[in-house]
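Listed after this line are the structures, all set down as structure tokens.
Next come two complexes built around chain A: one with chain B, the other with chain C.
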Partner chain A sequence: MGAEFVQFSLTPILIGIFASIACALPGNFLILRRQALIGDAISHVVLPGIVVAFLVTGVVSTWPMLIGAAVAALVAVALIEAVRRLGRIEPGAAMGVVFTSLFAGGVLLLEQSDTSNVHLDVEHALMGNLEQLIWLRADGWGSLLDPVALADLPPELPRMAVAALIIAVLMLVFWRPLKLASFDEGFARALGLPVRLIGLGLVTAAAVAAVAAFDAVGSIIVIAMFICPPAAARMMTNHLGVQVAWSVVFAILSAVLGYVLAGYGPIWLGASNSVSAAGMIATVAGLILGLACLFGPARHRVGVAAGG
Partner chain B sequence: MADLSVIESQTPLDPASPLAVRGLTVSYGEKPALFSLDASFPAGKMSAIVGPNGAGKSTFLKAALGLIPKVSGEVSVFGREVDRVRDRIAYLPQRASVDWDFPTTARDVVLMGLYGQVGLWRRITGQHKAHALACLDRVGMADFADRQIGQLSGGQQQRVFLARALAQGADLFLLDEPFAGVDAATEAAIIDVLKSLQAEGRSVIAVHHDLSTVAEYFDHVLLVNLRRIAEGPVATTFTADTLADAYGGRLGAVQIEALALQGA
Partner chain C sequence: MSGFWQALFFQAGYNATLVAVGAALLGFAAGAGGSFLFLRKRALVSDAVAHATLPGVGLAFIVMVSLGGDGRSLVGLLAGSALTAWVGLLALEWMVRRTRLSEDAAIGAILSVFFGVGVVLLTVIQGMSRGRQAGLEDFLLGSTAGMLRQDALLIAGGGALVVFTIWLLRRPMTLVSFDTAFAAARGVDVRRVDLAMMGIVLAVTVIGLKLVGLILIVALLIIPPVTARFWSDRAEHVVWIAGVLGALAGWIGAAISASAPSLPTGPIIVLVATGAFAVSLLFSPRRGVAAAVIARNAFQERVHRRQGLLAMARREPIHDRLTLKILRSEGLLRPDGVATEEGRAAAAKIARDERRWSVARRLHKDTALTGRYDGLTPIEDVFTADEIAWIDTHVVTKGAA
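Right, the complex of A and B next:
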């Protein structure tokens, strides 16, 4: 665990951790509000927005990408409404049709445009480039205190850390309104809380997490982290605060374990190559969810069906 | 005479009334749900809102609280706009409106009743927790404080939500069918609590479905069926005539006579 680890593994693992946390935090509330599909939809819809933003500006940078993703999200909302009304299709199906179509459109656009000189291609969109986000300037743990070396950190790391921090702070600040509006909307409104604004804020936070994480880790991790850690955490407890804490633990565990297994797992099994870190991180998240479903202490819940 | 009517429409709604409305009209799309309803509930009493299914009873509570938009009409809560006195109102929605699978316990639900007082960020202290437990105890649910709410029976759930309303320390309690789907023991427990609230000088207004208990539980009644049919003390208002008006052909003459006799 010396210089080589700091150079080649520390930054990808940290980026994976921050991306996972940023997605898992809003995921808790999306799942409780039966809006898990929205997280899925956002992470798909973001792609065409980012590609168009790149085609317009010619650079891969945060703000144009965020704006492009936001515009794509608005287009998606309008399309979902149109499909639902004109096609008389139930909302879930309308959402499914629209976001997969937009994602497919984004893939086609990406394939046809000249993005050879930037990190933007189809494989990248799905799986990110976690393994390449290394810190060559580092020569050991001491580099963490060396301003010259720190200046050479992959920019994805501070960006992802800031996104995760912002989302965590917003969640703490608006904890009570979020909890009330998610649990009992009628009561929240009777107290005078702006429940629609709260819902919109939550979806916006999810979109920020998706856009920030997209470039570094790809959409597979984003989709997995919106759902797997919070859903597994729900099986562990009947307290919301404890659930969120568990979801962060599971997100970190998935990122670390997934990265290590992707790099060394095949070698331990006798193969010579490694596998995609993003794919392995998402797989580990799914395995954790499976274990929680089988053994989680709060998995037996009555009133699930009778509640409606 | 024309002048008089103008003056009358400008008189403020009774400031002593915990809830008074004038000309309240609500519609869902094209379909009217309430039409030009006037009502004024007395302070410190138990009031029932009674009427057939789809008469607009729940709509009335929601529109009065501003949860759904109204087409027209005035609403006054203790003589003020509802937005200025939200901290004096406790609202108990119909049971179905809640997510029963939510990771929260009975104690937690009651603590939510304190959010209005403690605000967004102030700490929940031991005193708050003790108060929440006392409210649970008042509805006989202290032993279930740490149960996840989905694991309680319908009656127990309703008592927990009544405890949350108690924790709010409100002066006006608006309850939407508090006895729907609860057992007899719970109904008795809820009525005990509501009567004790009344004894403390608080006002209770409940949408009520069971005509046979109106006279037993309530002092004041509003009979509604899209419009106001009648309003006043139960003894003089809850009569065969007004019931026939409110329910039309939906109740038999014999039923109406029996109910009205109970009220007399």
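Right, the complex of A and C next:
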């Protein structure tokens, strides 16, 4: 736990934690509103977004890609809504039509354009590169106080931290309207709350989290963290505040355990290569959800007897 | 372009022909099989199934290598993928039945966790000495390059088997997708029919892994049924229309993809299906956007015409632009705003219609008939001539008094 840990593991773990929290917070409300799969849809359309951004600007740099991904996410949400209303199609199928089509378009554009000399591919968008976000300048815990070393932090870390912070603050500010609109939309509307605007704001927050996170950690973690920690937290309690707290705990636990298992687990087992951290974090999140499904105190539907 | 026509009519070489035939059969099986899922409003379950195949591919490779094989046998990999997809499906069903999670959350959980496990296994395989050339990443997006005859036969045979199963089970599956409670009351085992539906989806997914990959196979299961729904209101028709649409998308898509380099088969097939969907969404005669716009405009015109004529009958000025335009274009109103001969006649007729309706709604006993008053329907469409004569006696009496 010395210099090497700070150099190679601290920043990826912190980025993983922030990304997980940023996704898990809006995930709580998405699950309550039965919109859990909007996160799935958004993280699929990130690919066409970054490809189009690359084709427009001609470079692989952070901000154009983030903007492209965000635009693609909003376009996808608008298209889903349009298909649902114009075609009178149930939301799940509308989502399936839109995000698969956009993803197919993204893959086609990627194949058509000359991206052989830049690091831009489907697997990267899916799996991220968490392991490579290391802090080379650090030489121990003391570097945390050293401005020269701090300036060399991977830019993903402050970006992800800011995104997580913004989402947390927004959630606290809009806590009451969010809660009301998620549990009883009719009642919220009767109170005069702008229900549609709240729904749109929530989806936008989810898109911000997904877009900020995919670059560092890939789409898998994004989808897993939108759903697994909040779903596991829902098994633990009937209070929304407590549920959100549990979801943050589970998100942190998944990120830390997942990264450590991916980095050190194979070595403990005698293998030489580490495995994908993104995949392992999703796996750990799934294990936590599985345990919560089996033993969580509030796992049953209200009114259904235990074992029923 | 000539490459496209050659490929479309199976003249572009052995490999391209194999791919086109396989894609068409796969498209048919996916379209028809996906229809039941769509009618059951569970389209996205297929997304969970598709992603849950990845760990199976990895596990099968590891097992085959550790048994001394080279690990790239397609049958073995597909068997492994079917196994974990089935496990994922059972876990999904268990979560929905036994916990408070709704189906969409369970789908997302299964999808992401199984995919995460799959990615971990892929990195394990990359670390193995034999794993570097495994090419298992091809299963993410499909790859038709170097498809073997036996692969194509596997896809064709599997597709045909799936279609046959759908044909056998079409009645219970239709019943369950329409009205679960009714099906249960009729003695259909809903749970087993659901599992059969999922089995069909699973088979399509596994067969399609090689051709379109696990991320995009979902599109073939969802888009053709949604498209077919625009063209028919009958479940059995939707199923077969979706099958034909899927087959066409597979065939045409494979031909386009064979006609030029860097046109990957899977995405092209999906985009062809999306094109058919977009055309149907816009132009389908009954549920399409264009049809809705036309119907809305026609309705708007009827309302404005009627209200305009009523205003003319009451000698009130008309200000609404659209009303003026409609009345003028029909020659009921002169450009200077004075009613023409026909206009006065039409206005008198509408005013009489309105008076008759008000009497009918006051005096007639049958509310099912008087309830059809909507301010547009002429009274002759609802009541018989003698009833109208009876109504007229009241109109006249009232006028005389």
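Please note the rule applied: the second predicted complex is superposed on the first by the 266 of 308 C-alpha atoms of A that agree within 3 Å, B and C clash if a C-alpha of one lies under 4 Å from a C-alpha of the other, contacts with A are read in each partner's own complex, and residues count from 1 in each chain.
Here is the rule we go by: a contact is a pair of C-beta atoms (placed from the backbone, for glycine too) under 8 Å apart; a residue touches a chain by one contact, two chains touch by 3 or more.
Because the structure is a prediction, the values reported are computed rather than measured.
Given the superposition on chain A, which partner contacts more residues in chain A: chain B or chain C?
Counted on chain A, the partner with more touching residues turns out to be C.
Let me test your reading of the model: by the given contact rule, A:Gln243 touches which partner, first (chain B), second (chain C), both or neither?
The answer is first: A:Gln243 touches chain B but not chain C.
A:Thr100 contacts which: chain B (first), chain C (second), both, neither?
Touch status of A:Thr100: second partner only.
Is A:Gly286 touching anything from chain B or chain C once the two structures are fitted on A? First, second, both or neither.
second
Just checking: does A:Ala151 make contact with chain B only, chain C only, both, or neither of them? Give me first, second, both or neither.
neither
For A:Leu191, decide between first (touching chain B), second (touching chain C), both and neither.
Touch status of A:Leu191: first partner only.
Should A:Arg234 be classified as contacting the first partner (chain B), the second (chain C), both, or neither?
Both partners, chain B and chain C.
Thinking of the overlay built on chain A, is A:Ala36 touched by chain B (first), by chain C (second), by both, or by neither?
In the superposition, A:Ala36 touches chain C alone.
State which residues of chain A lie in both footprints, the one left by chain B and the one left by chain C.
234, 298, 301-302
Note which residues of chain A are touching chain B in the complex, please.
It comes out as residues 32, 173-174, 176-177, 179-180, 182-187, 189-192, 234, 237-240, 242-243, 298, 301-304, 306-308.
Could you pull out which chain A residues touch chain C in their complex?
These residues of chain A touch chain C: 31, 34-37, 39-40, 44, 83, 86-90, 92-97, 100-101, 103-105, 107-108, 111-112, 122-123, 126-127, 220-221, 223-224, 226-228, 231, 234-235, 262, 266, 271-276, 278-283, 285-286, 289, 293, 296, 298-302.
Applying the document's contact rule, which stretches of chain B touch chain A when the two form their complex?
65, 67, 83, 86, 89, 91, 93, 96-105, 108, 112, 115-116, 120-121, 148, 150-151, 164
Where on chain C is chain A touching in the complex?
38, 41-44, 46-47, 95, 98-102, 104-109, 111-120, 122-124, 126-127, 137, 140-141, 215-216, 218-219, 222-223, 225-226, 229-230, 262-264, 266-268, 270-271, 274, 277, 281, 287, 289, 292
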